[in-house]
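Next come the structures, one after another.
What follows is a pair of complexes built around chain A, which joins chain B in one and chain C in the other.
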Partner chain A sequence: MAENLSADFVVIGSGICGALAAYKLARAGASVIMLEAGPRVTRAQLLANFRNSPRRSDWMSPYPFSPWAPHPVYKPKDNGYLVQAGPYPYPAEYIRVVGGTTWHWAAHTWRYLPNDMRMQSLYGVGVDWPCTYDELDPFYQEAEEIMGVAGSAEEHPESPRSKPFPLEPVAEPWAMRRLRERLQPEYPVVGNTVARNSRTFGGRPACCGSNNCQPICPVDAQYHGGLAVDAAEAAGVRLIPNAVVYRLEHDERDRIVAAHYFDPDKQSYRVTGKTFIVAANGIESPKLLLLSTSERFPNGIANSRDMVGRHLMDHPSTSLTFDADEEVWLGRGPQSPSSINTLRDGPFRAEFSAYRLDFTNISRVDSTTQRLLLDGVYGPEFEKRLRYSAAREMNVKTVLEVLPRPENRITLSDRKDALGIPQPQVHYAIDAYTRGGAQDAKKHFTRIAELMGGTNLRFTPDDAFANNQHICGTLSMGNDPNTSVCDRYGRAHDHENLFFIGTGVLPTAGTCNSTLAAVAVGFWTVAHILEEQAGVPSGKRAATGAGAGT
Partner chain B sequence: MDSKDRSSTSLDHPLSRRQLLVGFLSAYTASLIPWAWAQEVPNEGQAAFMALSAIIAGRQTLNPELAKRIYEALDRSEQDFAARTQQLVALIEEQKIDPLQLQAILDKQYPQLAPIPRKLATAWFLGVVEVDGQAQAIAYEEALNAVFVADVLKPPSYCYGAYGSWAEPPIPNPNTQSEV
Partner chain C sequence: MGWIQAVKRFVGGLMVLGLAWGGAGVVGAAPADPELIQRGEYLARVGDCVACHTAPGGPVFAGGLELPTPVGNIVATNITPSKTAGIGNYTLEQFDAAVRRGIRADGKPLYPAMPYPSYAKVTDEDIEAMYAYFMNAVEPVETRPPQTKLPFPFNIRYSMKLWNALFLDETPFQPDPSQGEEWNRGAYLVQGLTHCSTCHSPRNFLMAEDSSRDLAGGEVGPWHAPNITSDPVSGVGSWSLEEIVAYMKQGSIPKSQAAGPMAEAIDHSFQYMTDADLRAMAVYLKSVPPIAEDGVKKPVDSWGRAHADFASVRGKPWPENPDELNGPQLFDAYCAACHQASGQGTFDRQMPALYQNTATGRLQTNNLVMVILEGIHRVSQGYEVRMPGFAHELSDQQIATLSNYLMQAYGNPDGQTSAEQVANLRQGGPVSSSNLILLARAGMVVGLLVVLALVVWLVRRRRS
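Presenting the complex of A and B:
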């Protein structure tokens, strides 16, 4: 090993959270090395992968995993990376590439509700956050301004804001307009808040309605982690891709002194720094901490109280598919534009899960084709049925809250990946609280279908919950070290110079996608670090330190 | 490929003497494929392929280049593809099988022929064929599931139009059928 890599900050993970934190630190004058397990990718290649895929309905197919940095893949068969310990399957998906999983997202950028952060005080379930909504407001705003969040403050009084949305709302697809018109006044259908350009912004064009937000926006009308990495590198961050961090090293004062990584050939490197930030996603971050055992920390870094990886949460979904009595033609415009927000809060949260009702605008052409092929429908009937479903089929789904429970957790399995690193294992259950929300939603599903003149109602089975890949809670912040992993600023309770940024730190899941909250809390963490180090960083210098060039 | 012949199906085979497709068909099959009267094909195997394609796709004008790609891919990957396709067309003619019943009848009574229409339908409707055990995309924008809705929708990943154009009501071509 010829190198001695060193920087003021070592950021592990180059997803949207890690990259934007690295960007902020570099802009403040610090030297930053960002380590990413996966390779660089480009939008053009991902788009070509999608169009050339024989399995276009599998949105992970444009994102093949690297042998040295596997991520979970379930089709055409499970690659076995995320080991399921049960009792309920948790088929999480995430992407280990430079820029991370937001290459592939619907760009929902919701703020939590203030009450989502006071669940224990208000409803006697879950936990309270160690910080308040008002404290986070400016950091939410900063994140929204970087990401170019579009929305209407009037439509979203549930998450108060002190400044306007940076962008006006994205044009409403016709199908969503018809839902809004036909469901009012019983259900107010509102536009989602999204990191999607409603005009040219950040050097990127407005949305052109290609209905391909997932798996890849063809024109970068959405903000994503790849753009965050570009900004970070332009600000002076040194990115090292294909660097699989497998151990954090501490000194006798319990400070982290180095991150060790393997390259794809299993050559090992040691990166030193003054402050370490783990931002490697809600599963890979706890995995790394659990891997980093020592005599003093036999259960892993930041895990003296066995809290790392616990309180795993996501947003399970149930849904109803039906055929409307008019032609609405899903598939024109962005994929996920509108929701009903009125069931996201209320006294019932003491008893069962709140939920957001989410309407899809994803084209039904591919899914209908698959179904008709399976049914052996040939001849003129195929075209007639395809057009019928493409024009009339609609879907509404729940986005249900999961409570933070210690038994839902990420651990290490006894399986190892190609580099010999233990693979993550998940223990997960969907409890009565969440199931109660799903049951409650059924009457609303039915009523929504009625209002749309719906026929051919197809409810998902009671025990079939789809997953939304909003992996959070596994590095929860909190005031009590016995029930959390880090403090209100994301600092590990056990290690003075170790911070966590990402969805893992969020102590409750609420009923909204977790990315914006994670970025905002990450900015709150960075602001705290910079304030605390006031005067530091010690002038900008080359991130390569003594040993240049890998 | 004869560029003058792009509006209908034909397969490139310069050494063969071309005949009208209808000449290879019985009255029943020909009734499912009105354009067989205007269609030239080089041999019986390809005639059967095009007849079956037309039956499965449903009286459509078929893209000749895609027809060629599909035929070549299936001929390469399926054992005795031409012969089995001919058998299948003969069976359809003999039993006057409705396209809607075809797959169910084959699954039940003729398992050796059952994969043929399924693969052909997957190729035409979805643009995917399996070659040497590997699925391959041979069409996307030209796959029939995209063509059938092209008056209203673009294939995902292609720009729908100017910003906000999706807020307007969809206007399907009145000559298409969407009712069941």
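Presenting the complex of A and C:
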């Protein structure tokens, strides 16, 4: 290959975290190559795929599956890509395309609570973060301003902020308003903080309530990784799609010198750079490190102490479905607009999991139709029952915390994908701490249903936890190299020019979606890299080392 | 915007300084009373001075906006009362000469990008009020925008004298006693300050408005300014007074939405006008002699119906080549989410229907293409209109396919769009008519040759 595959920075992964980091680096004047395993997609194509899909209730069906860059698929049947080692199933979902998984999300952009980052010192469980909430505040703000986060500071005192939300809250759907009115003062129901336009922002229109956030917003009212990639490319980042990185190469001083990737035909390429950033998702990033073995690192890059892939966390959910005593008609407005945030912290966290209570606003028409058809209901009775459920059915779910445990982990399986690359394997359990939170939530479920005049209460079974695809912890940052993979700035303990950006670096899961925290910590990492390299002439950087500062 | 603030700041400043209204430092200025200034501010808005004399994001009235013309960019000047960079030294007479006759303080002519052929209709009283406003209530800005540099021969400003002699009618507006007060007020505004004809009248080969086809439609860069004569088919003859007023006030009625330069005119100017003035304009417009366009079969807002073609594309994979996407596929992916499955728009009219809409009813499809390319972004009093543009997502061929489909499905099927047309509009419109430059240069060469020939003939005659 004649072309020069070399840059100041090589970013692996073009999801929202990698692309925004690449964007920032390019804006600072650096040359950046961004490698993405999956293909380019366009919103219009995804939307057309969705509208043309015969299986519209499967929200993964509009997304292209690439044999060279496989991701987990569970419908119509499990493709077995993510190998389950038990004891509890962990059916994580993510998408390997340019822009990554935020093409497909509810756009929740929460800040952690300050106490989420001090779990060990406050409650004697989990770990403390190697940085503080206050240190991250300006980076949270920057992320929120780029993504156009809408919210009300008044409604969210739990995550203090020094500057206002960039956008006013998105209009409250009727069903959420009724919840708020009928649950107060016992439970304050508040609008979620979301990267969803409440007015024109970034050249994109305000949410018009299509109730189609997932699988794809039809009007582009939500921020997503595709937009981050557009910004990165406009800033000069060179994106190479369909580039499946399978090995990182280091030199005798343990510095990373190259990333090797396959194209879909398994041609191999070598990309060199001065600094490497792995931002390839909470499962694919540790997989890549584990694949990159050498004599000096027989267990993989950044893994001299066997910490890579451990401390896997997510947010399991239990839920209650009930029929309200009034017609609320879920399905108007965004899919996930409101929640209760008062159970996210407290002394009880020493004993059991905190949780957020989240109300769905997804139209019940599709799910009810499927249920009634399975039950063999048809004719006028079908119409009557569909109308009843579509108007009255409501659902509240927990978003439970999982503690970082070394035995919950990503490893390599014996199975190989189409390019011969080992598939990831997951070991996962839901412990008594998390189950305790689920038990505690039941009384609130019941009370909420009562306040809504609920009947026909359907609790999920005690051992049935849904997953929320907030994959974190597998590349944890920490001060102690014996219990973490990278330092407080995301730098690999073992390699001075290797950084991690993404949800994997988050040391605790808290009770909120992980994307905003990952983007903010990524900006903190980028700011640190730029500060360290400032003043070092570009030619000398390689010689003196990007990590000369610490 | 900053006018009100500027007035307040100015009034506040005067009070602090304890100065009287008269003699506030402007040589030769008549004592300006607040009412006069306020009227001047209103008139400056009606005249939409800000549209050209403010650069995007720049200080108000400080100039710097580049106005593309067929002969090159004309840079709008600083019209704040700065004595060094603006018009701070202008006397009322000099201000008047610039606004109504296109002559700057140094005696040189302005280019008619400044709509002085329209402003010539303004009354003495209104000129005085605008002068009082600009001199007393506009914040001086001390920066001078770059000078206009046009190619030869247009860099010779005196060439404009000839143009003025040919095309400038200096008589101020004369009321027509046979018409009522409202009609006369409307005529005064339309012919004068609102300078509708600047865009809406066709121009002759020397860029002067063709008065025989007043308001029959013109071209503004890539945009088409439609026929607004009283013709019921080609113009606005079938519009009610209320519809015309609402359109000018809000930029959006069910059958027509403002975009491009008209949207700017509404945002900067019309939305601030009184209902009485807008109504007067509507009354006058409905009396403008009708001019019918060739080939227009029925009113532009009367075409099409609710209609969906998705059955033909459901379940079919997209073609490998995105330029081969068909109309329904493009409509499905890019339009239907907002304009709805049958093009019917939303129930609250926030997103308009695509049929029985002027957007899809014209033979001339430039505006439809421009809206697809650039979208619409308007901020009216209290609310915002945003249609995203698709220039970065759709190719010329895709836009041509989509535009033709929209006209076929929802509008006037005779209105055709080609990929070449889209490419041209994407670049900013009809390839700048350098013809005009050539023509002018050729004209001068011919003139020179004639003079030379005369000299030669004279010399020979003497010798013989």
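The criterion applied here is as follows: the second predicted complex is superposed on the first by the 530 of 550 C-alpha atoms of A that agree within 3 Å, B and C clash if a C-alpha of one lies under 4 Å from a C-alpha of the other, contacts with A are read in each partner's own complex, and residues count from 1 in each chain.
What we mean here is this: a contact is a pair of C-beta atoms (placed from the backbone, for glycine too) under 8 Å apart; a residue touches a chain by one contact, two chains touch by 3 or more.
All figures in this text were calculated on a predicted structure; none of them were measured in a lab.
Enquirer: Please indicate which partner A:88 is in contact with in the superposed arrangement: first for chain B, second for chain C, both, or neither.
Expert: A:88 contacts neither chain B nor chain C.
Enquirer: Of the two partners chain B and chain C, which one touches more residues belonging to chain A?
Expert: Counted on chain A, the partner with more touching residues turns out to be B.
Enquirer: Where does A:348 make contact in the superposed view: on chain B (first), on chain C (second), on both, or on neither?
Expert: It touches nothing on chain B or chain C.
Enquirer: Go through the superposed model and pick first if A:204 touches only chain B, second if only chain C, both, or neither.
Expert: After superposing on A, A:204 lies in contact with chain C but is clear of chain B.
Enquirer: A:48 contacts which: chain B (first), chain C (second), both, neither?
Expert: A:48: touches chain C, not chain B.
Enquirer: Between chain B (first) and chain C (second), which, if any, makes contact with A:172: first, second, both or neither?
Expert: First partner only.
Enquirer: For A:218, using the defined touch cut-off, is the partner it touches chain B, chain C, both, or neither? Pick first, second, both or neither.
Expert: A:218: touches chain B and chain C.
Enquirer: Pick one for A:74: touches chain B only (first), chain C only (second), both, or neither.
Expert: Touch status of A:74: no partner.
Enquirer: Which residues form the common part of the chain A surface touched by chain B and by chain C?
Expert: 47, 51-52, 54, 199, 206, 208, 210, 218-219
Enquirer: Flag every residue of chain B that touches chain A in the complex, lowest number first.
Expert: Listed in rising order, the residues are 32, 55-60, 98-100, 102-104, 107, 117-118, 121-122, 125-126, 128, 134-137, 140, 144-146, 148-149, 152-154, 156-170, 172, 176-180.
Enquirer: In the complex formed with chain B, which residues of chain A make contact?
Expert: 47, 50-56, 171-174, 177, 198-199, 206-212, 216, 218-219, 327-329, 331-333, 363, 365-366, 368-370, 372-373, 376-388, 390-391
Enquirer: Please name which positions on chain C make contact with chain A in the complex.
Expert: That would be residues 310, 313-316, 318, 329, 332-334, 336-338, 346, 350-351, 377, 384, 386-389, 393 of chain C.
Enquirer: Which residues of chain A touch chain C in the complex?
Expert: It is residues 42, 44-45, 47-48, 51-52, 54, 199-200, 203-206, 208, 210, 218-220 of chain A that touch chain C.
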